[in-house]
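Here the chain labels run A, B, C, D, E and F in written order, and each chain numbers its own residues starting at 1.
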Amino acid sequence: MPDNAARHPNLSHTVMTELVLPQHTNAYGTCFGGTILSWVDIAAGVCAGRHAGTTAVTVAFDDVHFILPIRLGDIVNISARVCHVGRTSMEIRVDVWRERYGGPREHANTAYVVFVAVDSDGKPVAVPPLIIDNDVDRGSFAESSERRVVRMTKAQRVGKTEA
Amino acid sequence: MPDNAARHPNLSHTVMTELVLPQHTNAYGTCFGGTILSWVDIAAGVCAGRHAGTTAVTVAFDDVHFILPIRLGDIVNISARVCHVGRTSMEIRVDVWRERYGGPREHANTAYVVFVAVDSDGKPVAVPPLIIDNDVDRGSFAESSERRVVRMTKAQRVGKTEA
Amino acid sequence: MPDNAARHPNLSHTVMTELVLPQHTNAYGTCFGGTILSWVDIAAGVCAGRHAGTTAVTVAFDDVHFILPIRLGDIVNISARVCHVGRTSMEIRVDVWRERYGGPREHANTAYVVFVAVDSDGKPVAVPPLIIDNDVDRGSFAESSERRVVRMTKAQRVGKTEA
Amino acid sequence: MPDNAARHPNLSHTVMTELVLPQHTNAYGTCFGGTILSWVDIAAGVCAGRHAGTTAVTVAFDDVHFILPIRLGDIVNISARVCHVGRTSMEIRVDVWRERYGGPREHANTAYVVFVAVDSDGKPVAVPPLIIDNDVDRGSFAESSERRVVRMTKAQRVGKTEA
Amino acid sequence: MPDNAARHPNLSHTVMTELVLPQHTNAYGTCFGGTILSWVDIAAGVCAGRHAGTTAVTVAFDDVHFILPIRLGDIVNISARVCHVGRTSMEIRVDVWRERYGGPREHANTAYVVFVAVDSDGKPVAVPPLIIDNDVDRGSFAESSERRVVRMTKAQRVGKTEA
Amino acid sequence: MPDNAARHPNLSHTVMTELVLPQHTNAYGTCFGGTILSWVDIAAGVCAGRHAGTTAVTVAFDDVHFILPIRLGDIVNISARVCHVGRTSMEIRVDVWRERYGGPREHANTAYVVFVAVDSDGKPVAVPPLIIDNDVDRGSFAESSERRVVRMTKAQRVGKTEA
């Protein structure tokens, strides 16, 4: 049963570390885009579930640019943070960095993933409001509001609404 | 070595069938969004590689709406088709349907994935032009051109260009 | 609840595309025979389930010859089609081709897999008759009938019957 | 470099134990036929490699009857033993039993798998002759010789020979 | 329902064979320590479950030294044997050897894993006493008794007891 | 090429989040001990590699007590921190917590894993000294020194030394 007092994004912030193994790569030693999006989906889903206090299901992936390739043996650092909430939906920003032992972390891509909190029958449930008390989270919230308008316009065309 | 005579999208059209097993689902019997995007990435990558005649790497996933949930035991039908090509890049449209034995196929989501053809050193290589000879492919090409403009505008902000 | 009006093999024909990744290969870059048979089993099982309108369980794999090796990075094309039905059993012919980007599809092996349709308690249930209206399917049906006789003779020795 | 002195089947006999986990089952708690054949292929391949003293690749699976279903939570006992050798080929008999904690082992199926020994370039190499010194192995060898004739007759039709 | 007549360790002795595939290795062709411990856990769990006649859950891994590295393409031989039982707990000794085709088996590591037998609600249940009738098992039992004292002393510090 | 100036444990501290899926559990919904140790091994290996600036291989797992079971659907939080270094070896402390959406984090187990830094030929290489500037790290270092003495005494019996 989720508790709906407003919550700070720090409380649900999720950090994940993965190591790129042969099973994650194509025949040429590069990590699949789909593998990275699987990790992004799990990190974002845990973050959304922590905010909501209940399970959340993926509703949309906003466009993702793969800026740097991720390679066999790379360490992948993933950080997921709530940037916007609606009544039952949450938008999570996920940043991905690649790293080699002894080298720098390099930003590889950013994704925005939308989730809806659900109860055990899969019915949408209300989520706690977001406490925003700093300029970075304020900026994220504003950009997210823009994306939400674009997304809802498109969703109407395919017959879906986002609460 | 890719042969660069123009090619019809029928020649690279890719059809994939997957069965949703326990390993693809969360604790509540629903298939992960990330798992679906992994299948989409492989189907689209095979389609792009068939058009280019060489390996292709994922550059961007356009926004994806998950319209219907996909469940444990569902059959997943995936269809990938080239809808636009640039000099070294290709946009692939991927449609996903869910199906149960004895039931209808229902449209679950659509994704647009951009790939760049690369040689064995990972350097971009030119791809064959696309032969467009019917109204459906003509419509896809036009919509894709619009998305390409939006994507390139965004990509400029993050310092990437798409050839 | 399966609907038992006769059905055409086109309605259950199943096409699958897989990409050979490092996780499918041995230490020398060749795809395991067992991996290929896993894909064959899933493609054939989906085909059988589509014909029956209910789940089907594997009863027998007829002898399979691996004519060409399948290698890391190959695209594997699998096609499964019902070629014979009994009261509760179905024989599915599965053809496997290997392909490289820019190259031809080469036939790698053929398998015949027998399934029995079952209800949710695992009890065999009757399947729809097969509509045969062309010479290719007619030839498959005839060859399948021969294999069925051989299989049932062997099965009697191990105490099993095929309905 | 394989040593080609004749070898006793006891020296390459291979025993494998697997536990049926959710990732091996369909949506109804039954282990896939293809999963079982993957384990059979690995057990038989290790057995063939041990006899040959070098890697062996799968050439054919003889017909397999699934006599008893294997279920989630079952322990799977697999035993692989060389029953026949040609110049570069080996036939391995694999028996599979299912078991539950506190219950009996029950015979679930038998498979005959043919391998060819290869060097590091994938070229067939000669394998050691088989020492046969007891009636059970003698019986296996005789039955195997019959299957070999059937298999080679079929293989000729598809343009393959077995050394 | 476990039958609690005393049982000989031969009755639950478990032998497992695994082949090191690309999916088990890091980017440099060496098998992960964690992968080996996963196999050890399954072999030991099957052995414990066979002795108890019911499911057993892992309680502790005693210190494990990795004496020899295990490599891509190695065959891994695992042997698990009950060496001590308490009222509801069992200690299993697991030995791991590596092997290459045509080469010797080399001892790679030994682990001691403690399990508790549980019923279907996860509640601990009594296990059969151990029949010890030879010097090797007698020696294992004595060494195990020493480890048990050390483990229970440590466990008291973290607030756990081992029945 | 590792840089051997002394490094603070904060620089290599590694945080990992995993979600327990059906593929990680036994037939009764409990996560395998071996699965948890696989995650611990990867988190600890990344931490060791970050400290060393090069790959590190697992040498030993100290005894691990599983204090609380980890269940299907749990979020697993893993934290790995260098607590001691020798000339080429590093001891990493790994803490594991389980969590449910809307509930507390509960400490599930602690493990100590020893790694040796290696170059690309697998030869041990020297690692940077550890900067210790607070009481928590000082306490960890002292306890680790005790474990190291115990471990090296045992290792001498099995013919291994830890640099």
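Some observations on this one:
By our rule, contacts are C-beta pairs under 8 Å (C-beta built on N, C-alpha and C of every residue); 3 or more make two chains touch, one makes a residue touch a chain.
Values in this document were obtained by computation on a predicted structure and should not be read as measured data.
When the partners of subunit A are compared with those of subunit F, the chains appearing in both lists are B, E. Contact with both subunit B and subunit C is made by A, D. In this structure subunit C contacts its sequence twin subunit D using mostly the same residue numbers, the overlap exceeding half.
Relative to the C-alpha centre of subunit A, the farthest chain centre belongs to D.
The interface of A-F is repeated, with over half of its contact pairs matching by residue number, by B-C among C-D, B-D or B-C. Relative orientation of subunit B with respect to subunit E corresponds to a rotation of 180°, obtained by superposing CA atoms and rounded to a multiple of 5.
For chain pairs B-D and D-E, the one joined by more C-beta pairs in contact is D-E. Taking each chain's centre as the mean of its CA atoms, C is the chain most distant from subunit F.
Measuring from the averaged C-alpha position of subunit A to that of subunit E gives a distance of 40 Å. As a whole-number value, the distance joining the C-alpha centres of subunit C and subunit F reads 47 Å. With centres defined as mean CA coordinates, subunit B is found 21 Å away from subunit A.
Residues of subunit B in contact with two or more other chains: 19, 22-23, 26-28, 42, 45, 55.
In this structure, the chains touch in the following pairs: A-B, A-C, A-E, A-F, B-C, B-D, B-F, C-D, C-E, D-E, D-F, E-F. By the touch criterion stated above, subunit D contacts subunit E in their complex at residues 1-3, 14-19, 42-43, 45-46, 49-50, 52-55, 75, 101-102. Of all residues in subunit B, those touching subunit D in their complex are 19-23, 72-73.
Per the touch definition, subunit A reaches subunit C in the complex via residues 22-23, 25-28. Looking at the complex, you find that subunit C touches subunit D at residues 26-28, 30, 32-35, 37-42, 45, 55, 57-67, 69, 113, 120, 122, 151, 154-155, 158-160.
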